[in-house]
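Below is one structure; the comments refer to it alone.
Just so it is clear, A, B, C and D label the chains in written order, and each chain counts residues from 1 on its own.
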Amino acid sequence: MSALTFTLKSPAQQRIDLSPLTPDKLAGKSIADIGAILLQSGKTKLRTDEVFAISGDDSNGIVFDNANHKLDYIGSGMKSGKITINGGAGSYLGFQMKKGEIILNGDADAFAASGMADGFIHIKGNVGDFLGAAYFGERKGMKGGTVLVTGNAGERAGDQMRRGLILIEGNVGAYCASRMLAGTIGILGNTGEYLGYGMRRGTLLVTKTPDLHATIQDCGTHTLPFLNLMFKSFAALPSKFSKINQNRVQRYAGDLANDGKGEILVLQ
Amino acid sequence: MLTKLTGGRIYDPAHQIDGKIMDIYIRDGRIVERPRADEAIDTEYDIRGKVVMAGAIDMHTHIGGGKVNIARTMLPEDHRGDPVAHNEVCRSGCGHAVPSTLTTGYRYAEMGYTAGFEPALLPVNARQSHLEMADTPIIDKGGYAMIGSDDYFLRMLAAKKDQNAINDYVAWILQASQCIGLKVVNPGGISAFKFNQRWLDVDEQHVHYQITPREILKTLSRAVYELGIAKPLHVHGNNLGVPGNVGTTLKTMDTVEGYPLHLTHIQFHSYGAEGDRKFSSGAAAIAEALNKNKNISADVGQILFGQTVTASGDNMRQFANAGLGSPRKSVIMDIECDAGCGIVPFKYKDENFVNALQWAIGLEIFLLSEDPWRIFLTTDHPNGAPFTTYPHLIRLLMDKNFRNEAFASLNLDAQAMSTLTSIDREYSLYEIAIMTRAGAAKLVGLHDRGHLGIGGAADITVYTDDPDREKMFTTPDYVFKDGELVVRNGKVVKVTWGATHVTRPEFDRSIEKDLKQYFDKYHTMNMENFKVNENEIADGGRGKIIVQEAKGRREKTV
Amino acid sequence: MIINGVTIDDTFAEAFGMRGTRVIITAQNLKWAYNAANAMTGFATSVIACGVEAGIEREMSANETPDGRPGVSILMFAMGSAVLMKQLETRLGQCVLTCPTAAAFSGIDSGYPEITKINLGKNLRFFGDGFQISKKFGGKRFWRVPVMDGEFLTEESTGMIRSVGGGNFLILAESQPQALAACEAAIEAMKKIPNVIMPFPGGVVRSGSKVGSKYKTLIASTNDAFCPTLKGITNTQLSPEIESVMEIVIDGLTELDIRKATRAGIAAACALGAENGIKRVSAGNYGGKLGPYHFKLRDIMSDESLNDIAPGVTA
Amino acid sequence: MENFAQAATIDGVACPACGLLCDDLKIQRDEAGVLNVVEKKCAKSVAFFERPYREKSPQINGQPAKLEEAIAEAISLFKHAQHPLISGLSTDIYGMRAVMNLAETSNATIDHMNSKSSMRNLYVLQNSGWQITTLTEVRNRVDLLVVVGTDIVSYFSRFFERLIWNQESMFGQDTATREVVYLGGRDLDTSAGISPNGTKPTVLPCDKEKLPEVTAALRALISGKKLVASEVGGIAVSDLQKLADRLHAAKYSVLAWISSSLDISHAELTIQNITGTVEKLNQTTRSSGLPLSGNDGDVGSYNASSWISGYPFRSSYRRDYPDYDPYHYNTDSLLAEQEVDAMIWVNSYNPARLPPESDVPTVVIGHPAMQFKQQPAVFIPIAIPGLDSNGVQFRSDSSVALPLKQVRAASFPTLTEVLSAIEAGVKA
């Protein structure tokens, strides 16, 4: 068995919705069946084999080669298996993902891990805005699982995040953790303005002292035993986060405008 | 063009026809006499063995206007779950809790409904309501103008203006807003909330106007009666949803002193405060009062489980309920010193004690109310459930076993508080035809609808008799709207545009002098622009107005 | 059977099914872990009046515990799940939540066929008055409750399994000091066995009981057949030279754990031998009618396989 | 049928030049069709009504063309596009209906020229909802007006005249005692906030970029939280606390903002702090938000789109059903990414609102006075609702829709006529 591999034939003008191509949806299908699956692009529907050269037979491990930022909804709603993307990914990577694993060797566009329920996403490049945020109108963003970003993340990362873990090795843009409800976001790089704006609950772990707005207030320096547990849980991750072992933090809490039970922990 | 429906089993309660095999002839949108033998039948439908009823009429459904559209706008996540693709006949849209206007029309028609009435049309927002209803295809529509918390009326009442003056204002409002009925929501309460009153019972005074809901109800029900408007005053009472509000509702029945009164979504007003959780069924008391007071009618406002959204003019109560919403968001508005609105998404759950009991209370009211001419089948769409659940609701009423099975899966504490399973009644097809056709037409005052008599509009629904009543009422074989076949096998085959029903009791035109001054002094719109012109509804050739008779003033006061 | 001059009676200990759980308590150092654990397992000798039987199982080094601090594991047993859950919450709340630097974690997550999740800190979190914070690591939920010394950290739940309580043996000796010395030796040896506790003071109970009493309201009373001062007036089980009898009661997560502990304990007592006044080892039972578990002393003492450390016994 | 060749004085004219949609204007028309606003004028209404009427023919690539030719050209551009966009959408409800029909038939995405600001409010509506009020309520009830981040009059000239300093109010309030507070913004024209009895408004200025912090602080104070900071965005916390106390004491406070003036990124979060403040206040007293918008028909446009498709603008018919993605379906990024390959730009009211410059072939259907820097592929001048044709427009508060009346003779086709012709061609 070799990985079911989709190699993009040529760069697309219009974004292509790849939500039909997940391991669980392709299980048991022949290459011919898969080739005939229609993918929305612009106003038209393209056959999968028009868009991709298809090879391999193991739908439990899908590979997209030569991929780019016009390929949306990769791994959307996926329930099992693994998707590896070589190149880049468009928006909605792992949208409302239920389980499984996505490895992106490249950058992703906006709304990656939006509404994600469980599973693991590793973005080895940068990711756009609204990482782990909610679909429009919904009150909860990411609800579980782990997202690891080796590069930088855009604005509003973790907006309305409800549960789960986002670890960003690089920098994050403005309004990271806006309206966050719960869960944990770790950031090793720089943070943008209005960090934790409207944060209701949840934990932000940063290594550099951020500029904070007035409704997030200092609660002093503390040694927090739970950090031991947390860093232990990071140990197996392919990430710089696995090296952290320190439980002394400056604790800021807020956003007081929004009941104020979130925390920003700055590693000392 | 002559069409014959051959051999169907007819249920036409307006003519006391209960399952008789008859032929129906249609010409130019009307039901006609059997033609002469030499007249050619252009189209014949062999419907032998099928059940035939007039097109169904939803006498209370929120299908157009500000709060409905706010509900639509604020729920993209709900639409996303029910996208409606276009086909060769129908345009696309969205379904579920608050469908897009086009989809609303299609889905009503596909269930055999040929008319629906927006029960809370704010006069100040009438133009929008009619615009939305104009974009609702196939079915006929109409609105009940909502007053009773508007400053102009409350001023008149506080100033003890003569009933004739009130009647003139009511008639003017109906004309200006192009409506067929009059509605009052939480009488006086919407206004009271703007003065920071959080509660208003039937005999409590409004802090500013020093008047009570009782006076409002009495005056308006009398106005409706004296103007000869067929549709009794449509009342959403005080204290909606409040445990123990059954007392308020019984008092509300008394306020009108014998004038006709329609209590809408009465389920939400039939709660006791007994038991450990201080929430119990008041259905028995309500049904008993309904059975006794022949001047009172009601629709139920049944709740059914699942996600929906509540949209109401009652911003006082919606504000109080906003915290219970799911997902947790709400829009609460004060509107133009005229009305208000509140929109709160809601998810009714069968494992929830209160929701489960609400479900049982609604069904108890249906089953304990003896006169199907005075009780109507509604979910208060979308407040209790989307209108697309009607076939399911019909099955609950017609099939005791089905009902009892559903009951058995409810919250156990709620089961213990309900006597539903002790009620053996099953609605007959004839009774369903009364509730959803003949009775509804009579109530609203649609003289040419809701029946299959000669001269009636050919709004006709043909079903395959199926012991699974949900299936039967979900997928009619044929639906004719004004004589045209619009639905076949539960799918729209032709899109037509229904009419808007209004009524126009006469009034003293000179009242506009005072009204104009009032508008200029206090309002932010011109009185002339407040009025919706008939041409606006007929605009684009897709709408027309049908004026239903109002039999003039009956007993003028001196 | 005679070991080192000590007669092993041909009898059995009769034990009951119980519900058992393990909790790991950590703290800044062992001293404070013990302070919490001792309090939590205090007054927990017998279900008859304490609700639960509890004890410290063993010490844990920093690299064994979830939060990397030193700690101890405690076992707690009760006759039913409801009472166990209630006692666990009460004791955790009064003895660990209150104890400076102490934290509590689940001690049973896997390794048993049927594990029921029971509340550990789940309801204690409300002490946080809304300021409590939940965190989930490795599929397990933890609560951080702000308290005056920092944060009380507790796992949300721990595992409860069907286990065995009331394993026992009696040491019959020629004098009270000799009986006690044998018990001490037995307890020392038994403490090395995982998954068991000996819930009585110092692991030893002197007030062995029988079922029933002349007083209608009492369900148990002194085991007069083993009371040396009554030798002449009761239907005694004691030979004339026996002056003192002491009992060791064992609760264990499994039947096998109790067998191992029993063997280790009797062996240690017997090592002192008849020359130190240890004459007999017996066990308490009710004729086999009440408890489903029968620990036959002679079988246990002849079963060499019990010396092995069984797999899966790590805490 | 009115004879537009006759001079006339027209009362009660509704003015769609801004979202207040004042319908108390008096307009004079001379025999030549020249219009003068004679009563209740403001700069915007004068610009709108008094701009001289000029005949103008459609254009293809800047060259005059017949209407049929221009429509044919638009059809060929639109029909073959892989992802067409209809943007601008400055029109009335009748025009929007035609937009929706064409959008569905051509599988187009739709967006409004003001969507960047409209979405700030719509995001709030869709996420948390809000508690708001309407113009007549403000006119008759407000006792404390807090204006956030704007002076209002730069956008809505007659706001104070019509809604705050009105002489009479329904409930006997002495309107001159109404209090006005400007919170945030710089260099505001606060003169309109001076009461007729000379009382000056409270002005608490700050940079717009600090409004997220200032509104958060106010909400925290309203909720009874204590702030460590002594000033926020240059405003003393003690001043904010005074404002919080006044809000708690007011009987019907109104917190007004203008989404287009809140031109800071992620402004919806700031608006949520305003609406959150209102929500908190309503636990004990009455308070309402007042989102002001409605210019270029944006409120009517999203309302009509919502009832027809379920979604406001920034939605699309490129699938067989409407879908909604306000992040991606926005004109600027669709053009920048070349995701769309043909655009129709609809602009009825304000000729200055040009389509964004891009390489994407563009059909402009709009105000005859539009002057282009970048010549569109096709330009079709149309009748202006409320001037050259009848129409219906929604007011800022979304609760009131008013008829727009034709007030002069005009030879331009309506947007509906043009779009319906294009739709017929796309369908064929």
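Just so we're on the same page, a residue touches a chain if its C-beta (ideal position, glycine included) is under 8 Å from a C-beta of that chain, and two chains touch if they have at least 3 such contacts.
Please read these numbers as outputs of a predicted model, since none were measured by experiment.
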Quiz item: Does A-C or B-D have more contacting C-beta pairs?
Solution: B-D
Quiz item: How big is the gap, in whole Å, between where the Cα atoms of chain B centre and where those of chain C centre?
Solution: 70
Self-check item: CA centroid of chain A to CA centroid of chain C, Å
Solution: 48
Exercise. Just give me the whole-number Å value for how far the CA centre of chain B lies from that of chain D.
Key: 34
Quiz item: From the C-alpha centre of chain C to that of chain D, how far is it in Å?
Solution: 75
Quiz item: On chain D, where are the residues touching two or more other chains?
Solution: 126-127, 319, 324
Quiz item: For chain C, which residues are shared contacts with two or more other chains?
Solution: none
Quiz prompt | Two or more partner chains touched - positions in chain A | solution = 136-137, 139
Quiz item: What are the touching chain pairs in this one?
Solution: A-B, A-C, A-D, B-D
Self-check item: Complex interface listing, chain B residues touching chain A
Solution: 74-78, 80, 327-329
Quiz item: Given the complex with chain D, which residues does chain B contribute to the contact?
Solution: 64, 66, 68-70, 72-76, 79-80, 83-86, 91-94, 98-102, 122, 124-125, 127-128, 131-132, 135, 151, 193-196, 208, 319, 328-338, 343, 520-526, 528-529, 533, 536, 539-540
Quiz item: Which part of chain D faces chain A closely enough to touch in the complex?
Solution: 81-84, 106-108, 123, 126-127, 212-213, 215-217, 219-220, 223, 225, 227-229, 232, 237, 265-266, 269, 272-273, 276, 318-319, 324-328, 338-339, 341
Quiz prompt | In the complex with chain B, residue positions of chain D that touch it | solution = 12, 14, 23-24, 93-94, 97, 101, 104, 122, 125-137, 139-141, 162-163, 168-171, 251-252, 282, 285-286, 288, 302-304, 306-312, 317, 319-324, 392, 394, 398-403
Exercise. Going by the contact rule at the top, pick out the chain A residues touching chain D in the complex.
Key: 13-15, 40-44, 91, 110-111, 129-130, 136-137, 139, 155-156, 174-175, 178-179, 194, 197-198, 213-215, 217-218, 255-260
